[in-house]
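Common to both upcoming complexes is subunit A, partnered first by subunit B, then by subunit C.
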Partner chain A sequence: MALKNQRGSFLRTHVFVFLLPAALIYTLFMIIPLIDTVRYSFYDETTEGLTAFVGWDNYILILTDERWWTDFSNALKNNFIFFVIHMFVQNPIGLLLAALLSLPRLKMANSYRTLIFMPTMLSVVIIGFIWKLILSPLWGVGDTLVGFVGMTDGLPALLGEESTALITLSFISVWQFVGIPMMLIYAALLNVPDDLVDAAIVDGANQWTAFWRIKLPLILPTIAMVSVLTFVANFNAFDLIYAVKGALAGPNFETDIMGTMFYRTFFGYQLQPGSATLGATVASLMFLVILCGVMLYLFVIQRRLQRYQL
Partner chain B sequence: MKKSNLTLGTSVAAIALAAASLTPTVSAFADELVIESWRTDDLEIWESQIIPAFNKSHPDIKVRFAPSPPTEYNANMNAKLTAGTAGDLITCKPFDASLDLYNKGHLTKVDDLPGMENFSSVAKSAWQTDDGSTTFCLPMASVIHGFIYNKEAFKELGLEIPKTIPEFMAALEKIKEDGTYIPMSMGTADQWEAATMGFQNVGPNFWAGEKGRKGLIDGTEKLTDPQYVKVYEHLAEWGPYLGKGYKGQSYPDSQNLFSLGRAAIYPAGSWDISTFNGQADFEFGAFPPPVPAGQETCYISDHTDIGLGINAASKNVKAAETFLSWMASAEAGSIFSNALPGFYALSKHELTISDPVAQEFVSWRGKCESSIRNSYQILSRGTPNLENDLWNTSVGVINGSMTAEEAAKKAQDGLASWYKPQQ
Partner chain C sequence: MRLSKRVGPLGVHAVLMCYTVIALFPIYLVIMNSFKSKKGIFRDPLALPTGTTFDLVGFEKVIARSSFDVYFTNSISVTVISLIFVLLLGAMAAWALAEYDFPGSDMMALYLAIGIMIPIRLGSVSLLKMIVGMGLVNTLTALILVYTAQGLPLAIFILREFIAQIPNDLKEAARCDGVSEYRIFWSIILPLIRPALATVAVFTMIPIWNDLWFPLILAPSQETATVTLGIQQFIGQYVTDWNAVLASLTLAIVPILILYVIFSRQLIRGLTSGAVK
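Coming up: the complex of A and B.
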């Protein structure tokens, strides 16, 4: 008995000691900067470089000034479109691929998995460059390809037209990141015990019904998690747009999302001087948008999810 | 953020100081001048041509060119100047970056320096206080805008060099009808091309160069005035003559289209000359931006790009002043401009450049009035930034998604929202 107690407290100290580095690093590099960013958004920089507390002024400026609000609401709208495309194209495709990969009789499943996951591991700069080349209306291979299906005029400048640029970029991003939902869902599918599926098949179900009636309900929590990850990643996105269109996110800000707007505000661009305080305000607003989305998920969706003990 | 900047700055300074005390640095030699610069590409030219030429007349002053990477130059200079470890001569970026250094007391006045009389007020404007009373860097080099054309294509199609805008548009139409060449190689994907090679290239002819530029600064002219709307209207006419898919065409694409001989005309900055010298295997020439019909005077964008100033903390101010005065001479200007075709010394001396196209560009200084890009001085200090707005609106009118009036209004509203004289 005494031995057991001793062992228990010994374990608890260990837990604490092991957690300490992570907690320390996380606090130092995540929590403190986050709080400081929010704090900084309540200050203003004068031309002499001094800072002064201004209360809600920065927020009022961004949310009510005509030009700031036009920029901000445009970025928010574009970001929402960017997210919706990922949510309803990337994730269903990821689910489909994962379901196909987990089919028991599929040959070369590992090769497919690696190939589909490959773009995710490439640098965004390379992805942006490759797709810019493919879609280039001057030398791109896209021109020849659409020629085969009878589009003799060649490919329009998909990345240059105001009407298509954002959607094209979203699809490039979907192509790049489809491996992530696929992997997560695939891992969840592997956790579904074979006997459950086998039993259903013995009872007369085919693979199709087995998927819809047995596997899908069991992996719903994973899909929900994938959705939240998509949401957070999309509203923090920046790199692809910056790599392909630059921080001015042209044409005419049609590809501007929160990340690029934050970059322009914080660091400045070309001759535009950056403003750390307004940048912090944009960053705080981004944080708020993401926080609202995640809260919505936590309180509305996650509580209703049924979990099964396997 | 400010706080962390400060600590970062001091720690950089501390490290720099520590390094300085450990190793005998350049400043230990009383008579060696160190030039700080971001032009790493020019190291060889300085060492083999410019410095030896200087030493011929001043053998007692040792000079060393010590460039640092361009992307870190501003931050690097700030840290070094604060820590007192910067070289004696500082290469100056135009406008606000250098003005900031002067305001912090890092650069000396150079108004009374012998040789400064060789520079026009336009040349000096990039390195002056807002009221123009004090100059703190010697203007060293500029880039000039114009059009580069494929001489063989022009000969083949029997085209003359267009002098006026109607002639220019007629030439474009003729090239388009013929169909062998893309009339003009420019894209709107990178945005700056439309503003820099388009708006700032042809614009000075409409707004009368310095008169218009100064008018915007003191508030007597507005971007919605007819002369600016006309620039947008002219740019809007370009759209149909740019290559297929120009909306997705980037700056390197534009250069390649021209140097591969597929386009007849290329709206250029003089820095493009060396690229084309290396890549194009046909003969090419240049013509200045065409003037509106009936206009006598022509205006060019002779944009100030590089200056040279003296570190206020330098121990060799006398030697540094001697070097600057020499840099203002005709000899130095000629060596510099010939070594770097497309970058021109800014002094009033007649420049003779062996590269024929570079010589053509600089010859316009004699025929036309010089000006600089109108968004660079003062007008791009606020948000929304005028330079960025000009990119956006120039692309808008060329792509046809904005009318000239809408574009002018957008740029003007943006400027007026923070710039007092325009309100």
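Coming up: the complex of A and C.
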């Protein structure tokens, strides 16, 4: 290893000069705020703006008070649906596109890749508004489009109905971000040695079996990584719901997820004043959910998968 | 067998073509309609602008009623300055971690990697308090500091792997000649890791440019709004004016699309370079 040959170089000034600026900014603006937010969730703001230690009171309030728990469990449930749709629609589509793009001797693969990735580059806010316009019953372009596939009744108000709003928003997000699993899986597929696939083809396998029996098992670590990235990104989502539905995540909180609930708790809405300490509590609970997902990945899934790696 | 060999590639192209249309059509629809009059937008949304329906009224309204030029300047400054900090400070830290053996260097690397998985947004409550305390609310500096912290973990992680692969000979030769560690970093290491820096630049830039959360809570004023926040506020205000809404969306989309088309080759090479394994 190249790195272990500088014995005794610690405490030399240049090590500090190289390391300190990054470590300082990272600690100051990321680690301390994260820890401080968790600390803050154990405090309460009094009217003078001072804070008093209240132990687990904020957590007890959110998890047991009827109104808070209704809100919180609703946001958690919606967020879970949001994640499941990404996991089982976005990632399989990404896998399919990556598998097709990585087929040998495919013409125009670069153009497809570039074009399909385009929506991923744009801001979530812009994507949200684009779809809001297209799905708007006022414009009617949606009706025309579904007319082409034989739906003559026109497009229902997908974003307005309680039963369809969350699923519609999830699919908008899937549509935008399918490029990410596609790219990561595509990169992994390119790293599978050609010899392996060629050997299988010579032995009589076709591309289909070669994919399922050889390539897919080899890229399982990437698929696991894509899954945990999806999990973290989805439980941290906010922009799309806020842009399309506002902080109230209507209709009737049907599209409320953890991110929008955090925002409302922190800054307040309608008659409810904002609370930094309760906001910190919701953020800490989100932290806990994300941590569970990441731990599951690091200590269970990744360890098991390591065996299959080349 | 021969049939399947012929249908195969055609089927693959059909699927990919279909998906490409699905991916691009909504964007195309918005851009195209932004060049039409209100009548044109509603009467025949799928038609290209013609002599009678062509109208730039939407763009005139957006330019008159909002400060898109300010939003663009803000977004560009924040993204570029944060990017320079992330690349330079990230490369420095990555070099220190990869090259020098000091007690706790592995712990330090692990500590700096936590931020890859834990989103910085969760610290917003305390971050906002801190920014208020520093008197940096409604400044671009606040955004730059937060985005630098957000970008560093992944940058250090990727660059460290890359620097560790640089052969020793170059560095040792330079050291024998009495070149300082700073010069080695600046004149030998930085030029060698340019491809990795490009990859990191891509991963860093996109989330910064597109972010709504931090501009919304740390710098929501008109003077400091970024494109993402500016457009969100503009559309909220003029939601019923279809010309203005479509034009503002087009103004936000087109520059990104142009940049994307120019740099897509480097960008996709960066994404698929296997840096994330």
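Keep this in mind: the second predicted complex is superposed on the first by the 278 of 310 C-alpha atoms of A that agree within 3 Å, B and C clash if a C-alpha of one lies under 4 Å from a C-alpha of the other, contacts with A are read in each partner's own complex, and residues count from 1 in each chain.
In this section, a contact is a pair of C-beta atoms (placed from the backbone, for glycine too) under 8 Å apart; a residue touches a chain by one contact, two chains touch by 3 or more.
In this text the structure is predicted, and so the values were computed from the model without any measurement.
Of the two partner chains, subunit C is the only one touched by A:Ile116; subunit B is not.
Once the two complexes are overlaid on the shared chain, A:Leu158 sits against subunit B while remaining clear of subunit C. With both structures placed on the common chain, the touch criterion links A:Ala280 to subunit B and to subunit C. In the superposed model, A:Phe238 lies in contact with subunit C only, and not with subunit B. Of the two partner chains placed by the overlay, subunit B and subunit C both lie in contact with A:Tyr40. The larger set of touched subunit A residues comes from C, when the choice is between subunit B and subunit C. Look at A:Thr51: by the touch rule set out above, it reaches subunit B but stays clear of subunit C.
Contact with subunit B, but none with subunit C, is seen for A:Pro137 once the two complexes are overlaid on the shared chain. When the two structures are aligned on the shared chain, A:Gln270 is found in touch with subunit B, with no touch to subunit C. Across the two superposed structures, the residue set of subunit A contacted by subunit B and also by subunit C is 36, 40, 139, 276, 280. By the touch criterion stated above, subunit B contacts subunit A in their complex at residues 1-2, 96, 187-192, 243-250, 253, 257, 375-376, 380-381, 383-388, 391-392, 395-396, 399, 401-402, 413-414, 417.
Interface of subunit C with subunit A (complex): residues 8-9, 12-13, 15-17, 19-20, 22-24, 26-27, 29-30, 41-42, 45-46, 85, 89-90, 92-93, 95-103, 108, 111-112, 114-115, 117-127, 129-130, 145-146, 148-150, 152-153, 156, 164, 166-168, 180-182, 185, 206, 209-213, 216-217, 227-228, 231-232, 235, 242, 245-246, 249, 252-253, 256-257, 260-261, 264, 268, 271-274, 276-277.
Subunit A contributes residues 1-7, 9-12, 14-15, 17-19, 21-23, 25-26, 28-34, 36-37, 40, 93, 96-97, 100-101, 103, 106-108, 110, 112-119, 121-126, 129-131, 133-134, 139-141, 144, 175, 178, 183-184, 186-188, 190-191, 207, 221-222, 225, 228, 232, 236, 238-239, 242-243, 259, 262, 266-267, 276, 279-280, 283-284, 286-287, 290-291, 294 to its touches with subunit C in the complex. Those residues of subunit A that touch subunit B in the complex are listed here as 36, 40, 45, 49, 51, 67, 132, 135-139, 154-162, 245-246, 248, 250-253, 265, 269-273, 275-278, 280.
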